[in-house]
Structure formats: structure tokens, C-alpha cells
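Per-chain numbering from 1; labels A, B, C and D assigned in written order.
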Amino acid sequence: MIAVLKQGTTEAQTQHLIEWLKNQQLDVHISQGKEVTILGLIGDTSRVDMELLGSLDIVETVKRVSEPFKQANRKFHPLDSIVRVGNAEIGGGNFAMIAGPCSVESEEQIIEVATAVKSAGANVLRGGAFKPRTSPYAFQGMKDAGIELLVKAKYATGLPIVTEIMNISTLDLFADVDMIQVGARNMQNFDLLKELGKTKKPILLKRGLANTLQELLMSAEYIMSEGNENILLCERGIRTFETVTRNTLDLSAVTVLQELSHLPVIVDPSHATGKARLVPPMALAAAAAGADGLMIEVHNNPSCALCDGAQSLTPVQFAELSQKVQQIREVIQ
Amino acid sequence: MIAVLKQGTTEAQTQHLIEWLKNQQLDVHISQGKEVTILGLIGDTSRVDMELLGSLDIVETVKRVSEPFKQANRKFHPLDSIVRVGNAEIGGGNFAMIAGPCSVESEEQIIEVATAVKSAGANVLRGGAFKPRTSPYAFQGMKDAGIELLVKAKYATGLPIVTEIMNISTLDLFADVDMIQVGARNMQNFDLLKELGKTKKPILLKRGLANTLQELLMSAEYIMSEGNENILLCERGIRTFETVTRNTLDLSAVTVLQELSHLPVIVDPSHATGKARLVPPMALAAAAAGADGLMIEVHNNPSCALCDGAQSLTPVQFAELSQKVQQIREVIQ
Amino acid sequence: MIAVLKQGTTEAQTQHLIEWLKNQQLDVHISQGKEVTILGLIGDTSRVDMELLGSLDIVETVKRVSEPFKQANRKFHPLDSIVRVGNAEIGGGNFAMIAGPCSVESEEQIIEVATAVKSAGANVLRGGAFKPRTSPYAFQGMKDAGIELLVKAKYATGLPIVTEIMNISTLDLFADVDMIQVGARNMQNFDLLKELGKTKKPILLKRGLANTLQELLMSAEYIMSEGNENILLCERGIRTFETVTRNTLDLSAVTVLQELSHLPVIVDPSHATGKARLVPPMALAAAAAGADGLMIEVHNNPSCALCDGAQSLTPVQFAELSQKVQQIREVIQ
Amino acid sequence: MIAVLKQGTTEAQTQHLIEWLKNQQLDVHISQGKEVTILGLIGDTSRVDMELLGSLDIVETVKRVSEPFKQANRKFHPLDSIVRVGNAEIGGGNFAMIAGPCSVESEEQIIEVATAVKSAGANVLRGGAFKPRTSPYAFQGMKDAGIELLVKAKYATGLPIVTEIMNISTLDLFADVDMIQVGARNMQNFDLLKELGKTKKPILLKRGLANTLQELLMSAEYIMSEGNENILLCERGIRTFETVTRNTLDLSAVTVLQELSHLPVIVDPSHATGKARLVPPMALAAAAAGADGLMIEVHNNPSCALCDGAQSLTPVQFAELSQKVQQIREVIQ
């Protein structure tokens, strides 16, 4: 970490700051230039409060030289991590094709969709049981009953399952769930992350709507620092000024995360765009960008043709998409 | 709620949609214009999934006519709410001057600051015990010991206290805390909100970094829908492209929230700007905009002159600010 | 266009508004619901000031039902437009591979790069002569001399050329330029757009850093309304809170623009990411998303190996990329 | 300027970069730490392309130590600048109260409004003649005829006038205009800025919708570098994810700009919020934050009561606001 001092900082102020830093167990290397004084801080800088340091009146700027995340950092773990989710392997060249309905609605529905997406190439089944909703009056999911149906679909098809947790007190319900999802709104629910770090379950960690990629990696670090290294990072769109899509899918996140970290990176084009007709082009784009997997909403509701226009693909559309994704992966290898 | 259908929607599609809406207990009023068909949805539309409806291929746009929040809505509660926090009243012309250190560090520190801010005009004491930190390696606060010290400062000075909760499992520790803060990162931790709704404690609800004002009101609604109406809304800066300040303080939020809701609206200029020298002008601006209160970081650390430049004011600076805030409030009355 | 009136609007206010609208040559269709009054405005609503209308105290919301752009609108021109740039055709299945250096620096440089990118599959040569720079003290490009060198490279290689205009007074210098670029910062320089609309030159119109896709189409409409229909729309990244990349490339813009408009849509991954190593994955992603072309910075500076790390690809990297783009285009057809 | 090199940079790469920097007339001061190498660049770094340097693969980060703006910089000009606009002085404790209609519509209108705002305390008259509009089909202003009417109002009332320029070719029409406005969309129309720098007219320079404060100061520097030092900086709201207001007014910009620059800083709450009822609280907040002036839309249209709800204040509302602004200025002095 380096700190550049402002011109006009007095010798006394500089010494005062150096002492304060040394009290935090840091070595300080001083570089006195003609116009500027630079302090190089050596030691465990991960505990230094960068915002506090940067807000001091005598400090021009503070910059980390080493990233603040360690276990998620590719520098210390150059090989791609491979995460095992049930019988599926994800990362290191193994692609995750996660598919399923937005919400679990009935046994018939979830088994039908599970069967359809499996035969179309999915290797993980998704389905919402606990649903985070902006309004307290909106449908909040089937909860524990939803998880039970997902588990039935798992045993019926052999597909491992992933579903979202919203509250650590419900953890027992996830015993037969193969991967636990942390939603965008909980990406910085640090207490939840720590508790999930104490399990060994694979965690699908979604990027928050307004979180930087470094913050996403720091949230992964929260989980890893408690001992759980089985994490999938998921880009699902960020909030910007543009309103024509629900969120703005940031595909450069795929490459940036893969450079900085060894963890697999997947993309959720369904939530990012909010419109079924944008899902296939964005899914293909994610595959071309080198993503380690996709997470796609697929519904199966022959009685409601209307829903074809919404966020979810039909099984037929998903099967077509799945094939093209495979072809694109062959091009970029 | 109204839904505008796209040109070219067939009669069959329209009927299909209307049936689907009626199945959700809504009356549908059809207005067939020359170029456009508009469906007016009457009934309890708060349960309708607006995003799903809007994402249908045949729907041009969906718009709520009535806001989706009810108990927080000024339409149904025209008078300003007054929230009692210990012996302080906030809202309806009563101003909250909440002050104290970023973190509780020691008994001496918190009592010294509490005494200083009280004599400078504060009517509530703040202090962090559980600290949400981006990094798992950063100081996470004194936790339960921090709350105990806050409570000592409360009994020493008579000031009611507010501190942040991060995990509902720690609720018992907040028995002597007068107001519980929900931080920006937990604004959409819906399970936490619901549990806090079951208490009668005043809640200081901070706006999330990338949340709209309507989403803030919906989060207040989560708390209110469980029976707790004692809520302060807090604007604390949003995340934008500008990096010269930590966040961008959105002061128009004060007026907009006061129009939409009867709940008191306070402003936290310390976290919004991240720099002590920006706190006084933004605090005065918030008062001039009509805020119902301020939340200001004040430290008292004579051994560390450096900290004068950081986010916190000294007690002397706070006392000066407090006087001017009072004068500005007289101007705008 | 529809306007929803607020509950509580009086009959007199409603009549007043209707008269005002009729004075603007509009027919007004009134739909009086139980809770809400909706006015349908029929006629040439493109002249109505939506912001003014929406800001009226009695108006809840205003929504265009028909898009405000006409000539750029796919509804009135269902077939893809094909734009001819020199001997290249772009759009309607014809791909633009635009490549060249950030700035024209010398005759040797531009001819070398032009030769290299042509043999690697480029069909248009780019090169900056007038450079928009944030600082008045930074290099502003070779200007007219730069255009002369570009023209030499055009005649040496047969590639049509594109370069940026910053000031309509320099238009005469662009006589031998095949396509004129309007940069992101000039996307809403309406007077420039109007003047370019009076030429017949193809225009490469870049999206502004904070402009919506609808605003981009309205800027295209400015050019088209003066008679010039030869426009390429270009996504080049938008400004968001994320700082790890220079801008955030919004690839969903490709599909959205192709739905709304018949104009070809190209993508510039070099400016969006600012880093050479992010250019290939984002270029492949753009191709997979269905873009009608790419604009890539390629340099040729054997004396400066350093530059390999910057925004530009080497000719060898570009040739590899060009092949894979072609393969991806075959997959998605 | 300092450049921090990445760990693992070879000696040869470092030397290569140093040579390249020295070729740009810079002295390079090398500081070799244990983990990191820092280059201090000394000399005229305002010409160095920071983005290029920062994008090199071997460079971890680049940071300016001195700001890239010089003439606008308070470091080199510690005293507040005072800008004379006709008979008004602005800055250095002198407040600008700029008021008038959005658009000039008729001689009667502009003289009536001018008379009203003058008697309510305005010292500069505003009025739009050339109007930048998103749509080519919307009313584009009265143009030269509008300027003529403004000049009549100037001679009738004695108020100096300000109006927007969109195209340097119309400069002759501004001979009797006292201050020329550059709108948000033209903030980085660098050729326009340079030409205005060659005049001596005061320039009211508005911040772009997605421009940082440093970019605003660099645009001021464009004007100043050509010899014109008469500039007012204007905050008018930035584009964020929040849609309940037209833009998000960034009032911390006032303090930040006043710290960095000696130029007067004014605030336009009318365009920032887009709603008349938000204008008074935001105007008072701007005054409390220490702004050097305000720019407020005032209309006078007794035949159109509807307009009361839009962006403009009535003369009576403006007079009330003007008084309170004065009182707040007395508090903060």
C-alpha cells in the first residue's frame, strides 16, 4: 500500500502519521521526491482502513499495491478452481449449464422442467423457494415446501440443485440442496456470508446491483476466510441510468474476474435483461466472452402462452440455445 | 395499475391476458383507443408482479397509479409521524440531532464524546458496535462490549442511543438500545426487516447505495407491515460515477420522501461525503432542504490530531455547526 | 401518448389541460376509470414536450406509446438498412470489420497498419486525425495532415476510411473520407448532427457516455430528418460506478437497437474497456450477440513493445481475433 | 505524476518505459521498494496521456499528484475570482441571482418576467433562444429573434442577460448578450470551448450529465487556456439510477469546486429536479452549502395556470424564495 502526502505537509505531521502507521504493525518506507512524499506501507495492510487513511487532510491519495483479497486471489492460486456440485464439475474448462424455473410452483411443474432442461443439456437445476421481493405483499415463494419439491426433482432426474437462502436460520432446510445461492441483495450481508463459510456447501454468489468486482471478491473472501472454498461468482447485471433493460449486463466482468481470481465465473442473462428475447444473444455473448457457465430461467407452462414473452425461455428455446453455446465454446477454445 | 398493450396484439392474446389478471382477483377495465389498448387493473394490485407483466411481449408498458406502499404512504396518513426515541421526539417539526463516534472504542471515549455532543445540542447518541466492513480482515467493531459501553454513556448523559444491527440473532443485545439502525447494505435484507417489524423499537432505516426512494419506502413497508411504525428514513449518499466524494448525497430525496411519506427523514452527511470538511456545508444544506434531522460523526481523540482530517468533526466543530443548523431551521419555518 | 392524471384532479383542471393539448393540434381521448383518468393523445405527438407535461402537478405520469423516432424506426422500415462505405456494405448480414490506429502518426505508420489489417480481414480503416481530449494541453491529433495521410492509406490499400469530425467548419477536409465519425461527446451536439444530415456521407454515430439508447436513436433521427439515412450506430461503453474498466460495455444495446431500428449496430470494445487484453473477449461477445460490425484499435509499433499492453491490439492479435469472429458469426446464423 | 509498476516487471521493461518517458521531456525519479517500484515523473506532465500509461500491462496504477488544470486551479490563484456580468459582480462574496423563463416566447412575456424578477431580487436575466432538444421535431427556440427580445428586456430593465449558444457560427448574434451559456450537452464540445476562449465574454459553463468535477474544470481550462478567465461553473444535476427526479443534484460539488478552483460556482435547481415544488428546497440547500449563485426558471403566464406545476416558479414564489436565500446567506457568513 502506498500513501502520497500532499504538498505542504509539515515534517511534524508526516512523523505523526508514520508513528500512527507503525503502531498498526506496519513498516514504513519513505520516498522523498522533489514535489511529493510517498510512504510505502509494508506488512499486513489488509487491516488498514484505506478510507480513513485517504480521508486525512494531509493525504493526497492512497493506493493498494496488492489486492485486499487473498484466498480468492489468482496470484496465490494460479490454477482454475473446480467446484463440485453434486455430480457436476464447474470451472477449469467444465461448463455449468444451470437452468430451471424462476419459482418452484408444483411437483408437476418442477419435475417437468427438470426433465426438459436435463435432456437439453443442463447439468444443474435451479428453482426459487425463498424469493426476495421488493414488496412485502408480493408472493414470497413456497419456502420449505418449495425446497422439498426441488429435492424430489433432483432424485427424479439426477440433476444437482441450487436455490437461494435469505436467512441463515433456515440453513437446516438446505441439507439436500447441492449449492446455495446468495442473491444480489445479500452480497454484503456479511454475517450470512460468514455462516455459509462454515459449511462446505458450494455457494453461488451473485454480484450486488451496485457493487464493484473488487467488492464481489471481498464477499467471496468472507466465505473463504471461514474455510469454504467452493464458490461460483455470478454476474447478473448492474444498475445504471439505462432503463430499457432491467439491469445492464457487464460482460467484461467475466474476463476481469477470471484474471483476478481462480474461482469460476458464471453469467445470469435472465435477471440481467428481464426479457426472454434478450436472453439468447446475451447467453451466447457470455459464452463467447469465456464464462464458465450460465444460469437461465426456463419455464414449462403450456396453459399460459402469455408467459413466453416474459423473462423465461421455453424448453425448446433453451435446447436451441444450449446447442449454440456448445458450438461457441468450441470456437473460443 | 394500468397496462398498455402493444399495437398488433391480437384479440385472443388480449383475452388471455385479461383472464390471467382476473384469476389474480383483479377487475379489468378495458379502454380501446384508436392506436392503443389500455387495461386498467382495479383491486389489490400490490400483489401483482409488475416486472413479469411488463416483460410480456404484448405489453408496451405497465404503470402503477397508486404507490405500492400503504402504511408508509402520506395519502393514507396525511399528518407527519412523530417517532419517540427515548426522551427525544423526532418528526412533525421536532429535529433529530444524532451525533457520536464512528466506532465505540472505550468507556472513556464514548462518555467524553457523549457529554460533548450533548452540551453542543445533540439529542441522540450514535456509536458503532457491530461494523459492516467490506473486508473480513478489517476491524469488525467491539460488538456486545461496544453496546454495553454505549448503554453506560446513555445512563451517564441521559441521551438515548442508536446503533446498528447486522444479524437478527443478536437482537437480545439491543434491549437497552433506544433505536436500531439498519445499514445501507441491509436495506433489502427482507428477513431482517420483518423481524424488526415485530419489535416496537424505533428503526433508523438507511437508503441502500443503489436503491431508489420507492425501494426505500418498500423496505419501510416491510417493517410496518409487521406492526412497527416507528421508522426514521435516512439519506446517506448514493453510488454514482463521481469518485471525488465517497458517495453522492441526494438531497432532493428529503423533499421527495416527505411528499410521499409521513415518516421523518434524516440525512447523514458524514458517510455520504467521507470527508470532515464537506460535512458542515452538506449538513447546513440538508437543514435548509427541510430535513427532520441529521446524523453526524463526532470524535474526541486529543492524542490523534491526524484524525481531524478524516470523516469526523471535533466537538468544537460540531457545536458551531449545531448552532448554524438551528439558525437555518428558523429561516425556513 | 397517454397521460395519467392524479387522483384529486378537478374537472376544471382536466378541461384546462385538454384545451391546452387541443391547442397543440392533438385529439384527446378521455378514459375515465374508477380510480384514474387517462388521456390518450392522438396526432403528431413528436412535438409535445413530454418533460413539461410530466412535470405538471396534476399529471401522474406520461408515456409515449409510439416511439418519438420515425425514420430510424424499424416499424416503418422493417428491413435492415445496408450502408455503403466506399466499396464495403454494412448491415443486413454484411459485417463491418473496422480497424486501425488510435491516432494517425506518420505515413509509414498508417500505411503499414492499413496493409496489415486489410490482410487480416478488415474492410474499413479507422484512424484519428482530430482527437477530442479532456485536457487542452494534450496532443489534439495531426488534424488536416492526419486526414491526408489516411487518404494516402486508402489509395494504397483500397480500404475505405473513417475518421472523427469535431467541428462542422472542417467539413471540407473530409471530401475523400468515406465515413464520418461523431464521437461520444458530440452525440448531442445537435447543430453538428443537422449539418451532417445535409451531406450524404455515411455517419458512424457513437453512443454518449451517459445516453440512453432512445437518445442515441433520437440523435440518429436528427441526421435522418435532414435527409441522410446512411448511419451506423455504435455502442462503446457507458459510464457507471465500476472503475476497473474504463467504461462498461453494454452489449444488450446491440439486440435492443436492432429491435427498435433498421440501422446497423456496431461495437467498439477498445474504447469501452481501455485494455488490450479485454478487447478479444468483448469483440467475440459482441459478434455472438449479433452485432453488425466491430471497430478495433490496432497499432504497429515495433519500436515500442511497451504499447502492447495498452488499448490496441497488434496486427497478429487482430488477425487471430478476426478469424474467430468469423467462426462465431457462422455459429449464430 | 507517479506510476506504480507491477510486481514482476523486468529490468528491461522498466528501462524501456523510463526511456519512453524521458523522450517526453520528463525527469524520472525511481523509488525501488521491497515489493514495488514507483516512478515519480517530474516536469510538464499535463501532456502525458494518463490513460495510455495506465493501460500498459506493466503499470499497476498512475496517479497525478498535481491537478491537470492550471489556470482554473486555486493553488495558483488563491483568491476568489470575481466575474463581471454587465453591472453585476459574481463571486468573492457577491451572489448571482439569475432568473427568467425557460424560453423567450414574446416581447411582452420576456419584459414582464424581467421586470418581475428584477423587483424580486434577480441581478441577471436568463432566457432560452437556442434550445437544445432531444428530438429534431421539438420546438428549437426563437433563435435570433429570441436574442433580440432578450436584448430589449435588458434595455427595458437594466438587467444583464445570459443565454445559451449551441454553435460557434452564431457568435455574432451574441454581441449584446452579457454572458454566454454552454449547456450540459456541450460541456465537452472542445472546439466550441476554444472559440469562446478567444472572446472576453463571461461564460456560464454547465456540468455535463455524466461528467466528473475534474472534467468540468478541464473544460473551464479549455476556455481559460485561450485567454478568457470570466467563467462561472454551474452544477445542474447528474444522471444516476434514480428516476423520481429528472437528475440528481450533486450539492457537494459546490464545496469541492470551491476548494479546487477560484471560479464562482452556481447551482441550477430547476433543471436538476424538473419540478417546481422541488426548486425552493434545493435552492435554499444550495445557498446553505455556500454556492455563489443560483439560476432559477421563472415564468409569467397568467393565462396558463397549468404551468404552475411544471419546472418554473411564479414571480411570487420566486420573490419569497429570494428573501429566504438572502437570510440563509446571512446565517452562513
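List of remarks:
The definition used in the following text is that a residue touches a chain if its C-beta (ideal position, glycine included) is under 8 Å from a C-beta of that chain, and two chains touch if they have at least 3 such contacts.
What you are looking at is a predicted structure, and each value in this text was computed from that prediction instead of being measured.
Interface comparison, B-D versus B-C: the higher number of contacting C-beta pairs is recorded for B-D.
For chain A, the chain with the farthest CA centroid is D. Annotation: 39 Å between the Cα-based centres of chain B and chain C. Note: centroid distance chain B to chain D, computed from Cα atoms, is 31 Å. The multi-chain contact residues of chain D, meaning those touching 2 or more other chains, are 210, 239-241, 243, 277.
Residues 2, 4, 7, 29, 31, 33-36, 38, 40, 42, 60-61, 63, 65-66, 210, 239-241, 243 of chain C are the ones that touch chain B when the two sit in their complex. Residues of chain A that touch chain C in their complex: 210, 212-214, 238, 240-245, 248-252, 254-256, 259, 272-273, 277-278, 281-282, 284-290, 324, 327-328, 331-332.
By the touch criterion stated above, chain C contacts chain D in their complex at residues 13, 16-17, 20, 44, 46-47, 49, 51-52, 55-59, 68, 132-139, 166-169, 185-186, 188-191, 194, 208-210, 215, 218, 221-222, 225, 239, 246, 274-277, 304-311.
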